[in-house]
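The structure appears below as structure tokens.
For reference, chains read A, B, C, D, E, F, G, H, I and J in written order, and residue numbers begin at 1 within each chain.
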Amino acid sequence: MLVRLVYASRARRDLSPHDLQDIVRRSREHNTVEGITGLLCHTDGVFIQVLEGSREAVNVRYKRIVADERHDQCTLIAYEEIGERRFAGWSMGQVNLHRLNPALLLKYGETQKLDPFRMTGRALTTLFEELVTAGAIECH
Amino acid sequence: MLVRLVYASRARRDLSPHDLQDIVRRSREHNTVEGITGLLCHTDGVFIQVLEGSREAVNVRYKRIVADERHDQCTLIAYEEIGERRFAGWSMGQVNLHRLNPALLLKYGETQKLDPFRMTGRALTTLFEELVTAGAIECH
Amino acid sequence: MLVRLVYASRARRDLSPHDLQDIVRRSREHNTVEGITGLLCHTDGVFIQVLEGSREAVNVRYKRIVADERHDQCTLIAYEEIGERRFAGWSMGQVNLHRLNPALLLKYGETQKLDPFRMTGRALTTLFEELVTAGAIECH
Amino acid sequence: MLVRLVYASRARRDLSPHDLQDIVRRSREHNTVEGITGLLCHTDGVFIQVLEGSREAVNVRYKRIVADERHDQCTLIAYEEIGERRFAGWSMGQVNLHRLNPALLLKYGETQKLDPFRMTGRALTTLFEELVTAGAIECH
Amino acid sequence: MLVRLVYASRARRDLSPHDLQDIVRRSREHNTVEGITGLLCHTDGVFIQVLEGSREAVNVRYKRIVADERHDQCTLIAYEEIGERRFAGWSMGQVNLHRLNPALLLKYGETQKLDPFRMTGRALTTLFEELVTAGAIECH
Amino acid sequence: MLVRLVYASRARRDLSPHDLQDIVRRSREHNTVEGITGLLCHTDGVFIQVLEGSREAVNVRYKRIVADERHDQCTLIAYEEIGERRFAGWSMGQVNLHRLNPALLLKYGETQKLDPFRMTGRALTTLFEELVTAGAIECH
Amino acid sequence: MLVRLVYASRARRDLSPHDLQDIVRRSREHNTVEGITGLLCHTDGVFIQVLEGSREAVNVRYKRIVADERHDQCTLIAYEEIGERRFAGWSMGQVNLHRLNPALLLKYGETQKLDPFRMTGRALTTLFEELVTAGAIECH
Amino acid sequence: MLVRLVYASRARRDLSPHDLQDIVRRSREHNTVEGITGLLCHTDGVFIQVLEGSREAVNVRYKRIVADERHDQCTLIAYEEIGERRFAGWSMGQVNLHRLNPALLLKYGETQKLDPFRMTGRALTTLFEELVTAGAIECH
Amino acid sequence: MLVRLVYASRARRDLSPHDLQDIVRRSREHNTVEGITGLLCHTDGVFIQVLEGSREAVNVRYKRIVADERHDQCTLIAYEEIGERRFAGWSMGQVNLHRLNPALLLKYGETQKLDPFRMTGRALTTLFEELVTAGAIECH
Amino acid sequence: MLVRLVYASRARRDLSPHDLQDIVRRSREHNTVEGITGLLCHTDGVFIQVLEGSREAVNVRYKRIVADERHDQCTLIAYEEIGERRFAGWSMGQVNLHRLNPALLLKYGETQKLDPFRMTGRALTTLFEELVTAGAIECH
């Protein structure tokens, strides 16, 4: 059974670009092995992540992520059994908000700052789909 | 939570182009700060305005606007919780009816004169969407 | 409130092209003033007319038309409250059936002769929409 | 083909109960012969009438009613082709509003006074169905 | 055109039962005249009110209410054009939350305290319908 | 914003009835304070729990529960934003499967043993609703 | 494959009750053998019949009936592939219109006389279902 | 009222191309006069024909066709009241199966041989629509 | 994953009541162990069986049944993934057609003899549901 | 009646390309005669096959395939009555997974290895449709 899980969290302290690359690199290694795909977005001290995969794999991984000391306030935004993945092409794509038209964030949020803690699961999911379309996912 | 509010009102006296530009300029300053977007239309002594933003910001601003002495008979035409904004690109776009094919007004109204007080929320909202498509929104 | 009214009637006697042009010309004068739009079709001694406008204006005009001695057997074919007009571009467009592929009449009617008295409101309305698409409306 | 027609009009002058009974009596005679059924409601100088029957019979009768000098401002409120009649039991039932709970009028109208000229076809039709359920139709 | 407006606000200071009765009494006088119906709920320093009536009457009244110094933070929760009223029987019914099973508030809210500022229009409207069913509306 | 979360887990070792009562008692104390409601089911070394409440409260609590050493393999079965709670009456109701007709488990599962790890979120949720209807929830 | 066929026809000459009974008796004998069920209605020189059964049996029988000299103008009113029969209990039930409230015929027809040639398949089918409910089917 | 009738039959004996052309030619003469349109398909001793037109005309013609000695086992496949014709352009188009990709027959049938007696009305109708699209209708 | 499988077959030779009871008894033993539930119907040399359970268990069992020499022509009538079982109460209920009103078979079939080889999956499934309601399932 | 059957199985031992070509060649011979169409996919010791055709032909063939010693664990994945075939162009097309973007398998499965035994009928069917679109079907 496939599921998609979206959560948000707050970085405990300001992460250096290096820290972030470290998280992404390790994620890609693990996720490829476990059949997990998805996206990670980091902005203004907030993380938003999408994880797709088998129900078991996603839950095991999410438990580890929640316990990671580098962030807290992990909050499930959306979780559903899915017929097909939406982000099958990324073991862990990285969202680059700098490339975006700022109106895109305004379209789904109350202000120009992306604040997942004030958004519904549906709005956040739709925003992420638009990010893919808008070419804002990086894989270096 | 995002909402969209549409209201109509009547100008107390004939406004000069200067007065109108003043309203629009001030609106843009405030709205940008408060995360409000929308459109303003002024024709034949009638105002129609669309305001999108967080429920709190829109209500605070609407209360001030209702109390503004430059117009009265403020009447809510439509108000709804929305998943996404429709006019995210304008902190306050201005509708220029002179550029329009007059049949467009006739399409949604009883006469060629735009009279929001005799229109449903649905008709007015659809008309405004067509105005965007027809390129009738100015941002100078 | 906007409504659309469609009726059919029979000309009392064979109308000359001149008589018909007179009706159309006068209609255009009145309708422009009253915010009425629509189409008129005359063929084989039968009239079919579409009138769109405010409920009040359309009813006032329809009462006069019913009393007009140049035709009788006025029969309502369709009448509905509408969100938007379909024929907003014509104060009174004229349908020219001579330009049509005869299969178009057969598509909606029992024979190649257009007989609104044997058609439902839905069929007649759909036919008129196809006439617009097929470019069979004249405005000279 | 069966149709249902609803219209409203204004009595030219205050009608005596006798006048009204005369209209109703004559209506019943004609309607029984022509296969027409329906309801008539008279209140505060306003008439509302529902007419059901074959398209031809209803239109012939409506033309005569519109021309009747005892009322004017005849305004079509609703007209539709129907699969079955709703008021098949009354050749012309009379609505007695005095028997009603006043909240019923308020439920569909802007004030406690029944004003069909400010109501949609749908609201008026629903109100009339509730009148039947509420036992407000008389047949003496 | 009928509309229903729901808003919430905060009482400026603790209102005495007497103050509240005064608001309700005056509301009933005005509303009966203006064809307005609805409910008022006061709890823990918060007001929630439903106003139904013609678009014009409701907007005129809402403008006065917003300006009333006895409360502030007036926030529209829901506003829609309606085919029929839901609270036609009350010129201004009073909601008595003390009579309720506390689980009813928990059913629609995050805690047992009714907090309209954290609720959607839909949830609040559904709660109010259940209040009517549960007999929690008083009219003394 | 209200959410409902359903998860399953496996008890690390056989729990005594006393242990279980301890979990339930502590849960009720916390949950009442945090506005959380739901059900807990323990059978054959498996836990299934439903948690309803504000998104924040449920996530904070779920993080603690996942870290609890008395069980592991915590697996999200369902999670959704809800308009209203389904189990508003229980700060933590206890499901007593011994009272059930065994055909009820068979209706939703592959065998007579309840195995949430082989069930969809929908099937499990429907089963829990039937448990409520069947009177299988205890509150001692 | 099961089908239901409804047709109407006109009796060539006035049939005696004896003639009619003869048709019904013979129909029952044949239909029981062929797995055909249905209803027959005779009124004012018009026949209406419903035939249900396998596609082959119904078509073979219909061909013979059409050729029967006792009636003509056989006109198909409705024909459809069905998942289940509606008149499975009658090898050929007889409709007795004398037992009916005359308003029932008026409900679906233009006048009180049943005229299938002016009715749609849907209206006639609905009428026949109401006849069953109203107990108007005889089987002597 | 417009109807569409589809039937299948078996040729009594092998028809020569000449016989077939004779049927088609006569059909075109009659059908043009009677306002009937449609298609005829002859293959492997089986006929399939679509007839569209007024209910009366189609039934009169179908009675004659059923009685025609050149074929038998006439079986109705589909019959419905229609809002518009699908084959308005052919007084009697001829289907030429030789031009087809054989996979098209397989798509709707159990084997590559077209056998209408084993097909539902829906499958046959869809196949015929594809034949039109595929250009398999001839009119010489 | 739960599935429901319905098949029909023909008994190789006339089975004695004893043979049948033997099949049913053995089925109940196996099915209870494997979590399979369902119904078996034997009439006029035809078997119809419903099997519900995990996808794996049902397929393993069906393979054995197909290979059973006591019947042949095993034909799948319906097979679907299900959210819940319909016949959870019977490890293998026996359908007793002798208790039925014969019109029930006629309702879904072409003749009074139950012939699953000429029925759709939908018709057969609906018939079986009516059999349960009609109390035609035995469990001795 | 047309059906589509999808099953999965496990090869008993590693098949040589020659063995596989033998199965495919024989299948094409038989299937063309029996009016069966479909696809066959072999990967990592697993078979997935789609069979379309008349209900009888498909069941007769499936019985033989199930009994074939070259594979076992035959498990029905999907089976439905269909209005039209989806794979009418292949008497037995061969799926070549080597040509695919690996993300396509990940899109519908838990890992990059195609495992039909952990997939729903719907997911597998959708995957096969994408394979056709992606040009992954070979016919040499």
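To be clear about the criterion, contacts are C-beta pairs under 8 Å (C-beta built on N, C-alpha and C of every residue); 3 or more make two chains touch, one makes a residue touch a chain.
Because the structure is a prediction, the values reported are computed rather than measured.
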Shortest walk length in steps over touching chains, chain F through to chain G: 2
Fitting chain E to chain H on CA atoms, where both chains share a sequence, rotation angle to nearest 5 degrees: 180
Same-residue or different-residue interface between chain B and chain E, half as cut-off: same
From chain H, the most remote chain by mean C-alpha position: E
Chain A-chain B separation of Cα centroids, rounded to whole Å: 36
Between chain A and chain I, centroid-to-centroid distance (C-alpha), Å: 50
Geometric centre distance via CA averages, chain F-chain D, whole Å: 59
Residues of chain A touching at least two other chains: 1, 120, 122
Pairwise chain contacts under the document criterion: A-B, A-F, A-J, B-C, B-E, C-D, C-H, D-E, D-G, E-F, F-I, G-H, G-I, H-J, I-J
Parts of chain E lying in touch with chain B, wherever the complex brings them together: 1, 3, 5, 55-56, 59, 62-63, 66-67, 74-76, 78-81, 120-122
Partner chain G, residues of chain D touching it in the complex: 1-2, 35, 37, 53-54, 57, 83-85, 88-89
Of all residues in chain J, those that touch chain A in their complex: 103-104, 106-112, 118, 120, 122-123, 126
